[in-house]
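This is the structure I have questions about; it appears just below.
Residue numbering begins at 1 within each chain, and the chains themselves are lettered A, B, C and D in the order written.
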Amino acid sequence: MPERPAPTRDEVLAYLHERRNWGRWGEDDQKGAINLITAEKRAAVARSVRSGRVVSLSRDFPKMPGPGNPQPAQHFVQVMGHSGTAGGATDYYGISYHGYQATHIDALCHVWDEGGMWNGRDPYREIRSQGTRYGGVENWREGIVTRGVLLDIPRFRGDPFVTMERPVHGWELEDVAAAQGVRPEPGDALLVYSGREAWQASSPEWNPYGAERPGLHASCLPFVRDNDIALLGWDLMDASPNEYGIPWTMHGALFAYGVALLDNCLLQPLAEACAEEGRYDFMLTVAPLPVVGGTGSPANPLAMF
Amino acid sequence: MPERPAPTRDEVLAYLHERRNWGRWGEDDQKGAINLITAEKRAAVARSVRSGRVVSLSRDFPKMPGPGNPQPAQHFVQVMGHSGTAGGATDYYGISYHGYQATHIDALCHVWDEGGMWNGRDPYREIRSQGTRYGGVENWREGIVTRGVLLDIPRFRGDPFVTMERPVHGWELEDVAAAQGVRPEPGDALLVYSGREAWQASSPEWNPYGAERPGLHASCLPFVRDNDIALLGWDLMDASPNEYGIPWTMHGALFAYGVALLDNCLLQPLAEACAEEGRYDFMLTVAPLPVVGGTGSPANPLAMF
Amino acid sequence: MPERPAPTRDEVLAYLHERRNWGRWGEDDQKGAINLITAEKRAAVARSVRSGRVVSLSRDFPKMPGPGNPQPAQHFVQVMGHSGTAGGATDYYGISYHGYQATHIDALCHVWDEGGMWNGRDPYREIRSQGTRYGGVENWREGIVTRGVLLDIPRFRGDPFVTMERPVHGWELEDVAAAQGVRPEPGDALLVYSGREAWQASSPEWNPYGAERPGLHASCLPFVRDNDIALLGWDLMDASPNEYGIPWTMHGALFAYGVALLDNCLLQPLAEACAEEGRYDFMLTVAPLPVVGGTGSPANPLAMF
Amino acid sequence: MPERPAPTRDEVLAYLHERRNWGRWGEDDQKGAINLITAEKRAAVARSVRSGRVVSLSRDFPKMPGPGNPQPAQHFVQVMGHSGTAGGATDYYGISYHGYQATHIDALCHVWDEGGMWNGRDPYREIRSQGTRYGGVENWREGIVTRGVLLDIPRFRGDPFVTMERPVHGWELEDVAAAQGVRPEPGDALLVYSGREAWQASSPEWNPYGAERPGLHASCLPFVRDNDIALLGWDLMDASPNEYGIPWTMHGALFAYGVALLDNCLLQPLAEACAEEGRYDFMLTVAPLPVVGGTGSPANPLAMF
């Protein structure tokens, strides 16, 4: 259904291989496109806050088993003390946060293609079962504070959610931005809302670990790269399967451009807030847990207007 | 060593029982003193940002076993794919974050005394091994964004760290604030730096799970209550043992006043930044993971100047 | 389909309440019906071994997610060393073994009805989130070595598996034992094979955590009690739902009689071995992990002929 | 202190490299020396049972943190139901069982030297973070049932425990066996008791993860190989450090001979039982959990007399 011709396989591969940012911030860089966020940019976005309204972009910590959550997170509470005395309660959290449930950030080491991981490193040398030695999430321990821009696809399309038949293409991102009157700037966080909650409500037995997932088409890569986006957040990820047979399309922004990915965001409340506040940009704060050698982190991203 | 007389046991108990905030925000309130942080206050603190410098207040995710870390966090990496192909790496994080290692926030249900937990609820009715039904950390899912104020005890004292012999008293907090030229306001986050890194370097075999811990004296409770502090962050917690035989002294601010506690903060870099920036207030953002029924959350608090 | 009238609700409740073994081995007993297994019995069963053939009764450690395994076990491998050197590999196992996947033993504290747990103890006093103080699996740390008797329902019925419509009744156990020429004796382990593998193959989307499960009818309780069975092992458990609205029917043998339960056994290979060896009794060894305060243990039960 | 000259480094390397059993049971064998245990041998050892006395060789599941247990096992109990009703309690067990606390069996893939793992396989090809493809513990899913022989070093020496200064040498094993009147036979499980409990009581701050551990000297390798031992169990493992600078000495029996190792056994009660029963051989049963791809398993080995 694309209104304009989709890129060819060679073009998509060129997005990933010819336009990559390897070396742009030095051979040993481990921050990637987060380097685009300067202190000045952070100060400017903070000073752009008007109402003080805060919206969380995080889904619940995924404890409940279900078709869409085949490896639920663990939560065990322990209580000390007894009735009528002082006491306390502690708990244990355990999570394999990658996948399709937990809101989380992907570190630079998380995925790679046959050319290697971020900056051309060899993942089979860098990543150990105890932790990665390169591109771990601890490199973002100072957090990611920047201007966020939301693109609301359902509102633009007048449909509740993105479908398998009609993934989000790059030119649509341009159209949505124009329609919303918002323009991405270097170092911005780009958040693409595709209507996941409505999608899931319409497909209760959907198993995201299966082959079919609606989401962003590989043609969105140039939009990310041309605009020097620092972080890409989404509720539905790469459309899958892709017609190119390429293992990572949009996820390639991670290893090719050094763009942080914020997976499984809860964007419905943010979309409502943007509409109510009359602005599609805001201050975004993401604070990953500083796990040395970690391939990412669960996170509760906050948008402030 | 206190320059002024410490409160009596009855006085401390009065801090906890007579001055409590139960019912102040309604019988069913589950936000506690975080209610003091208004949208206006958030907007004001955001607009007070000047340099855009960000400092993390989080210690490393505590994976390394040791005398001070008897129940280390778990981190297991799994790698998919093989040399020369596309692939990915995921990991599992597991943590009992309460205790003395992980930087974390305590939810309102975390501790109680014989009078009950926050708002007078009975913890043995509310807290189940699957999660609490009242006062869970998910009530703070929108995050805590407010003005932070650091009080730097080592700098004030000219000593590298607070000692067992000389805990931090309430009047010292007043003196430090005055010396630093900063005044706490309602809804502020109060961060008290006691020099934990230097303390630990001087006591490598220190086991924080033992009985002896330097930190804040019960006489600090009125400072927190009088100033309507919303969140108390610290690197060293309640001085222990206390001379009153009271199970929870400063931790009582949680159940008595509804004050969020931010335990095991890394405050040395923040103290350095405050000195360099010439200001002891800043924008603080804490984004707990929204674990429904959780007694708290590991967190990476961010200060921005 | 029962050939004979099923017991009434009052009769089933009488099985559980009037015939219970509470106090039979002392008020403080924590071994239950395992007390029936004497050293003489163990020696006799060992000396009855003829061929030396061993059969495992354990299903695979349930790592694979799926409709029937909503909370899969965890397995993470860590490798040390590198190519061409000495090294080693270790792993982490994590499991919530109760439920319908892992082969495991239930300790005496595992379930209870409104009358209390084994020997009349109050579970809400005895069981803490850190472990039980009564009836924990460590009481069986010396293992359970006894005569095992298999009753093969599919072979008797000529059907591949027990169906929802026709649960296994007590009189059928008697008929099967007679047909197989085997007679249970005090202290025996009774293993009832209901054809789980064939059942699951015929119902790939079966979710054992749902309400419907084929298995043993409450009328089997007297067979267990009358024969002084020490351990009941099965591949399909209590038929569910039951027409009596009783929360625990066959599982009641645990708290009422003190009978150890061995859940989710793999019995197809054992049934084949019994047929080939021409005997339906054998030496059974169950060796629970000695977890102090544990409510049970994963186990690999071994039958030797 | 050895009464006889210890082997040279070249001799020890020859034990590991020239005498290995690679290929002895086929190039694809994954059972190792467990192949030596025939059904006839199992039947014979069962029929040798006299008293029916059972002794567990397992230490407690290591939940308690401490200097000797830097990564304690996890145990979380969850209770369902409430006072006066039917209910149940379940738990979660998590464990990194390798190391010096949990009684466990090492699978054939667990360790290797520069020559490779069992049968000459390359561990870096076979072992994945999801599990090993070769030499996993599931190959022993039928359990290990064989004749066990205990050698009681403290009783022979008249000392409570083996010391750093005087490891157990191969010739001492021969002397102890002769003094006890017991002779190892092919397929036997050899259990060497070195007095660990007394050692630990005398060294409460001993950290087994440090460099210094009393135990068996590399000169014991020929005793294991010459006698075609199938399984080596011990309470104290390889004496460490070794004077040869060889990474794995006695642990080399695993990859060189295919001998199963049973680490951290509790042998004091077994030694007492042997003395009381007047025999140093018995029926040994080890039932590893069948974890596909696992590098070993916690276990509760049982000895029956």
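Here, contacts are C-beta pairs under 8 Å (C-beta built on N, C-alpha and C of every residue); 3 or more make two chains touch, one makes a residue touch a chain.
No experiment lies behind these values; they were computed from the predicted model shown.
Participant: Given the two chain pairs C-D and B-C, which is bridged by the higher number of C-beta pairs in contact?
Facilitator: Between C-D and B-C, the larger count of C-beta pairs in contact belongs to C-D.
Participant: Since subunit A and subunit B share one sequence, what rotation angle in degrees maps the C-alpha trace of one onto the other, as a multiple of 5?
Facilitator: Result for this pair is 180 degrees.
Participant: Based only on mean CA positions, could you tell me how far subunit C sits from subunit D in angstrom?
Facilitator: 29
Participant: Measure off the straight-line distance from the CA centroid of subunit B to the CA centroid of subunit C, and report it in whole Å.
Facilitator: Taking the mean C-alpha position of each chain, the two centres sit 48 Å apart.
Participant: Mind pulling the residue numbers of subunit B that touch at least two other chains?
Facilitator: 74, 76-79, 92, 94, 128-130, in rising order.
Participant: Report the residues of subunit C in contact with subunit D in the complex, numbered from low to high.
Facilitator: The contact residues of subunit C facing subunit D are 38-44, 46-47, 49-56, 58-61, 63, 74-79, 81-99, 109-114, 122-124, 127-132, 138, 141-143, 145, 247-248, 283, 285-302, 304.
Participant: Residue numbers of subunit D touching subunit A in their complex, please.
Facilitator: On the subunit D side, the touching residues are 74, 76, 78, 92, 129.
Participant: Can you name the residues of subunit C that touch subunit A in the complex?
Facilitator: The touching residues are 65-67, 70-72, 74, 76-79, 94, 128-130.
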